[in-house]
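For reference, the structure discussed in these notes is given below.
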Amino acid sequence: MTESAPLLLARGVTKAFAGVTVLRDVDLDLHKGEIHALLGENGAGKSTFAKIVAGVHRPTRGKLSLNGRQVDISSPLVAQKLGVTLIHQEPISFPDLSVAENLVLGQGEQGWFSRVPWAEMTREARRQMDQLGVSIDVTKPMRGLSIADQQMVEIGRALASGSRLIIMDEPTAPLTPKEVDTLFGIVRRLRGEGRTIIFISHRLEEVRALCDRVTIFRDGSKVATDAIENLDDAEIIRLMIGRPLKEYMHKHNASIGEVALEVEGLTLPGRFQDVSFQVRRGEIVGLGGLVGAGRTDVACAIFGIQPAESGSLKVNGKTVDIRQPDDAIALGLAFVPEDRAVSGIFRTLSVEQNITAAIPGRIAPRGFIRRAIEKLLAADSVRKLRIRLASVNQPIGELSGGNQQKAILARWLLAEPGILILDEPTRGIDIGVKAEFYDIIGELAEQGRAILLISSELPELLALCDRILVMAEGRLTAEIPRAEATQEKVMQAAVPRQQAGIAA
Amino acid sequence: MQEVTPARPLWHVILVRPETMTFVLLIAAVVVASQLSPYFLDISYILRSFTLSAEFAIVALVLTMVIIAGEIDLSPAANMALSACLFAWAQASGIPMPVAIGIGLLAGLAMGALNAFMVIALQLPSIIVTIGTLTLFRGLAQIIAGDKSIRVPDWFIGIDKILVFGIPMPVVIFVLAAFVLGLILAGTIFGRQIYQVGTNEVAARYAGIRTRRIKLVLFLLMGLVAAVAGMMTASRLGSVRYDLGLGGELQMVLMAMLGGTYIFGGRGTILGTFLAAWLLVVVSTGMTVANLLPAIQLTVLGVLLIVAIIATNFIYSRTQR
Amino acid sequence: MNIVRGILMRRETGIALMILLLCLAVGLYKPQFLTMNQLRVIMLLVPLVMIVAMGQMLVLVARHVDLSVGSMLGLSAMLTGMMFRDLPQIPWGVGFIVAIGTGALLGLANGALVTIFKLPAIIVTLGTLNLYRGLTFIVSDARQVDRQFVPSAVKAMSQTSPIFGIPWIIFMALGVVLATYWFTLHTRVGRQIFALGSNPSAAALRGVKVNQITLLVFSISGALSGLAGIMYASRWGFVNPSNTGAGFEFQVIAAVVIGGVSINGGVGTVPGVMLGVLLLGCVAAALPLLGIPGTAQGAIYGAIILIALLIDRSVRQQGIASLKWMRA
Amino acid sequence: MLKKSLIALATGLALSTGAFAQDKIDIVFIGKNTGNPYFDSLTKGFVEACQKIACNFEFVAPATAEATSQIPFIEAQIQRGVDVIAISPNSPDALNQVFDSAREQGILVMTVNGDITGNESHRDLTILPTDFTKVGADQVEMVGSLIGYEGEIAILSATTEAPDQNFWIEGMKEALKDPKYSKMTLVATVYGDDQPEKSTTEMEALLSNYPDLKGVIAPTTVGVAAAAQVVQSRGIAEQVKVTGLGLPSEMRDFVKDGTVEAFQLWSPYNEGWLAAHFAVDLKAGKAKNEVGSTFEVPNLGTITINEGNSINTQSALTTFNAQNIDEFDF
């Protein structure tokens, strides 16, 4: 690797959202012609940093220089003009426009009524796709293209606009191994052309296979930048986590009892196939795997949000048919969903209303709401879970993310569930609150509840769970007892194998 | 490190809300109207005038609930016409009165069910669906009744002439309906869940709320209440024609919007719509009794609608982030 | 993937087929439906709807809707008619400038309310539908502009032209259709309207000037309504404050939706809309010939809108909650 | 401020000391809808009458001609305590109840230019522009004279249930039985709903369905203009003669270019003029609202109250043609 003048120079880059600092004084140099990985736990700041470089966010403080010239990247458009392109995991495109149009839209600054040079545009688009070595009919609409192909179009667009710096935010998560190989080939070729690539991933093996240098983020700060060969996996994990796991995660000693939830041959075509497992009382069962492996779909199927087409469910030994979430609730199930804003909170409604949403029968015994009961239950939850707020009548949107999540958990605890499904319960939450959550989860298990914990954070799974189930491409690929669980084992089971498709 | 957003002071919660705006406008409208015409300020006249809009006002109460649940229904005025035409046509062709009333009410329910089916089962946007059904329902009424008016029997005529403590019956029904629906919306779990569905339908579903059932009930209620309103209109007019309640959807939407119902769902109250109904009646009655051009009334209604949404959005953006 | 394109193709050929079948069926029963005279009737029936539908299509593609077209048509026609009446010495060509200009300004006002206050277009235009109609009454003092005041040159445009005697208004509609076709397919801004409707947030990221484009589509819709306004004066010879353009929005939306323009934005073609308008024109012309009372027309339009919605849904299979569409 | 109110007081005094000011009665005329040119002329009759005799006049009308749209306006006039409500009703029966309440308050309710057929007991009097029993025959004679009393004719009417229209159409059918018209056949009656677009397509359909059509009677102002326009646009004024009831202001062009040879109407102005005079005379005790009684109206002579408390402003229709059309300004 040649040491040349840095392409990008970041100095003291800091970003705060609504008073919460998410990125603190980051200095970083990127060289021309390197593939640079950004690593870190969820919320460590790597994506925020990438978005600042790409003009999606503006830094609260700090400076960026490109090719030695200080720049103010005020919007993605400015970034593009400066030769910086961010490629999202699920590319943002115009489904109704053709591939060729998606490639050129936003380029050049001609007049409003200037002609669209269709023939030229199509020819150029074909050339670019050929260059990338992919065969896509550029006259067809984007709608219907695979995600891999959409990424290729995005990369093509970056090249067409002459980008010198291409940022890829977890590009491989939705791809098949074969597609990943193709992508890597192209990325290496881009490096060969002297372009710089920022590669964000949480898959160490990919980073090792592809990248030249890595920068590791933790809690909003940069903790290290080094050539990949100078760091071994353990060192990287240590840097990412920063302190021994045990320090803030401990498995409570709950006595494990009867089978509470039994899933047998659950199948929803296109989402997951033949999933079978059990969760016992007092047991925390982890469900790991990559994003898109079908974990959330399984949870949604169990909870009746989108029921499975075949397979059976047993709750406390009895076969049940759950068609709707309220069937599930009646059977003592609870589900804390992954995306709080979309499927958890009622943003403009009061904290109180949010907390009591799942127990209509208790707050309104004869259909009429008893304010006193409601107030009591809400206040009780706030105290127990230490939810920080000014008033239970506040709209929940005014609370911090962690406290919103606690309120959602409180909602489900009020339903007194025997079986609790938690989907990424600690995503986007401050590290301090995270620890509280781990305690709470442990306590819940001690109380004899069965817990199914879906998480992408391996340390979380390893530290909390009695058993870890792993899914890949809609199938259960491993069941690892706590004693045998290691990051490597989980990852091995999570990465889809090419033959998996054939074996089916 | 964690900051807690302070709660709004109590006076702020109580006063800074769209209903306050509606109330202030109502007072202002009464003052302006009594300046415009010396004949305006007369309780019995205002009550009689309200009678003319009472049917729309009753439907607007249900519409408020539909909008809070995140949907909209523009078809109730056409529904009023079609169910009233069916009812009148049935009784005119010799079907016994109770059966004819049943036919009218069932027709209303069926129309509500059609809207519900297209919106809930087929997942089509309610605004376009109900523009379509609005055209369809009124068109069917026109096919059934042609453009002749169908008389209803004498004993059925004159609901507005029945006075309860000096208050015309339709106004009494409106006030009672407002009270009952207000109680349901604010005090029952069904009402609570309407707000939750309208605020975040996905989250509501995840919380075990049967969102489709709530919307189904609302659309059916809408159809039924529209049919009742259609028959009240028939009783007031003594006859039914296909153009009964023509253009009423605008007045209903206006009542809901002026009362601070948030067009995107999740916010609004029956009290707001209740006040807005009076506001609208005061405004149009004031202008009519002052012999102002109806053109000015159209203009004022259009401006009111736009101003009401802007103001409502502004108030909500200030009070609930 | 050939599917989407294939379906779109099918959509237009589908409407064309429906027109053909309708004409044949009516023609079998009433042979006089298939005569040049009848063609002329249909051709004189559709130009106004055609022109306004082109503007409405752009608005829908950009994920909005314009319910005020009928009132904009009425107000523009009224101002133009009053100018003809009160200032008879002014050349009639100025009428076009006044009508189109008035319409464009009214449309711009719609667009401004939508962009500045972030209001849903459907409610804004429901308000301006009434507001503009009220203004028409006010400016006209609720009086009709009579036939004698409309310049004969303007009236003659609906009757003949030097080109095979085909009335000018048909050429005008054709001109607007061709211009819209060219505009939507071959100009940058035309494509940006589709990009905006297809994915508004991505459009903003790609430098599409969302507000300007929103203003533009509403202004175009207004300007075309204005053009249709003066054509109304030409076609019917008078301008009436309450009738002119009243209820026009339903015809236009029915035509556009049946022409395959998606209410979810981003999708729509000029040929599709043109065929949609023609189909409605054929229906309107066929009804009296068959002796079906005009009272059935409303129900037929309503049914057509609902059927078009169902087709749209089965084509796109997108479960989009209604208000998402309005919020965009 | 003080000065202003003094002036107001002075003008007020000046007005009230004017002749018989305290006896002036308040008349309101409620039209079908605003923007209807027909009522401009009718209103003018009221206005000019009230400039000469002891009445105050106001015109109001709803924005649309929908059945119930006039109700709030009637309620408002009751509240204002006017003496006379003159109205062109939008519905033959939807107004019964509110008419009754007006009459309970001692208000004189007159329908003008159209009656509430079948519900006459709910109004005091009706003022009709002409003798409606003769309209049908007059129109048939008109079209007969235009087509040489031979050939197919058709009627383009307003709405299917418009009472006056149907009454006239009955009259036309009755008249056609006269041997004088034996070579004329009525082939169709169609309805354009008083909308220009619909009237046009109906007219076009008539021409397509009946290629031998010789004459069209359109006893409605919207219909006759639309029919004339179709004939003008097809250039077949020689083959198909259009006539009917139309407004000179709307038909002037067609008469001048020869599309329409002649059409008929009455004088809307006289309806207003007569209504105002009757109301004032009745309140002054100079006239009685009794069948058979008579009273004098300047320019119109002696007027008799006919069966069913109805008054006709003129006995026969006025015919407009190229010779006389410029004499009329409505």
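Each chain gets a letter, A, B, C and D, in the order it is written, and its residues are counted from 1.
Heads up, the rule we're going with is that a residue touches a chain if its C-beta (ideal position, glycine included) is under 8 Å from a C-beta of that chain, and two chains touch if they have at least 3 such contacts.
Not measured: the values here are computed from a predicted model.
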Contacting chain A as well as chain C are chains B
Intersection of contact sets, chain B vs chain C, gives A, D
Interface with the most contact pairs, given as the two chains involved
B-C
Quick one: point me to the chain whose Cα centre is farthest from that of chain C.
A
Distance from the mean Cα position of chain D to that of chain A, given in whole angstrom:
75
Could you tell me the distance, in whole angstrom, between the mean C-alpha positions of chain C and chain D?
35
What is the distance, in whole Å, between the centres of chain A and chain B, each centre taken as the mean of its C-alpha atoms?
44
Among all residues of chain B, those touching at least two other chains are 146-147, 293-295, 297-298
Using the touch rule from the top of the page, what residues of chain D touch 2 or more other chains?
34, 61, 63-64, 160, 193
Chain adjacency by touch: line, ring, star, complete or other shape?
other
Which chain pairs here would you call touching?
A-B, A-C, B-C, B-D, C-D
Given the complex, residues on chain C that touch chain B span 113, 117-120, 122-124, 126-138, 142, 241, 250, 253-254, 257, 263, 293, 295-303, 305-306, 309-310, 313, 319-323, 325-327
Can you list the residues on chain B that touch chain A in the complex?
1-7, 13, 187-190, 192-193, 195-196, 199-200, 202-210, 266-267, 316, 320-321
Residue ranges of chain A touching chain C (in the complex, touch as defined)
76-77, 80, 92-97, 101, 105-106, 110-116, 118, 140-141, 143-145
Contact set on chain B toward chain C in their complex
70-72, 118-119, 122-129, 131-140, 142-143, 146-147, 201, 242, 250, 253, 257, 263-265, 293-303, 305-306, 309-310, 313
Residue ranges of chain D in contact with chain B within the complex:
28, 34, 58, 60-64, 66-68, 71-73, 75-76, 79-81, 91-94, 96-97, 159-161, 193
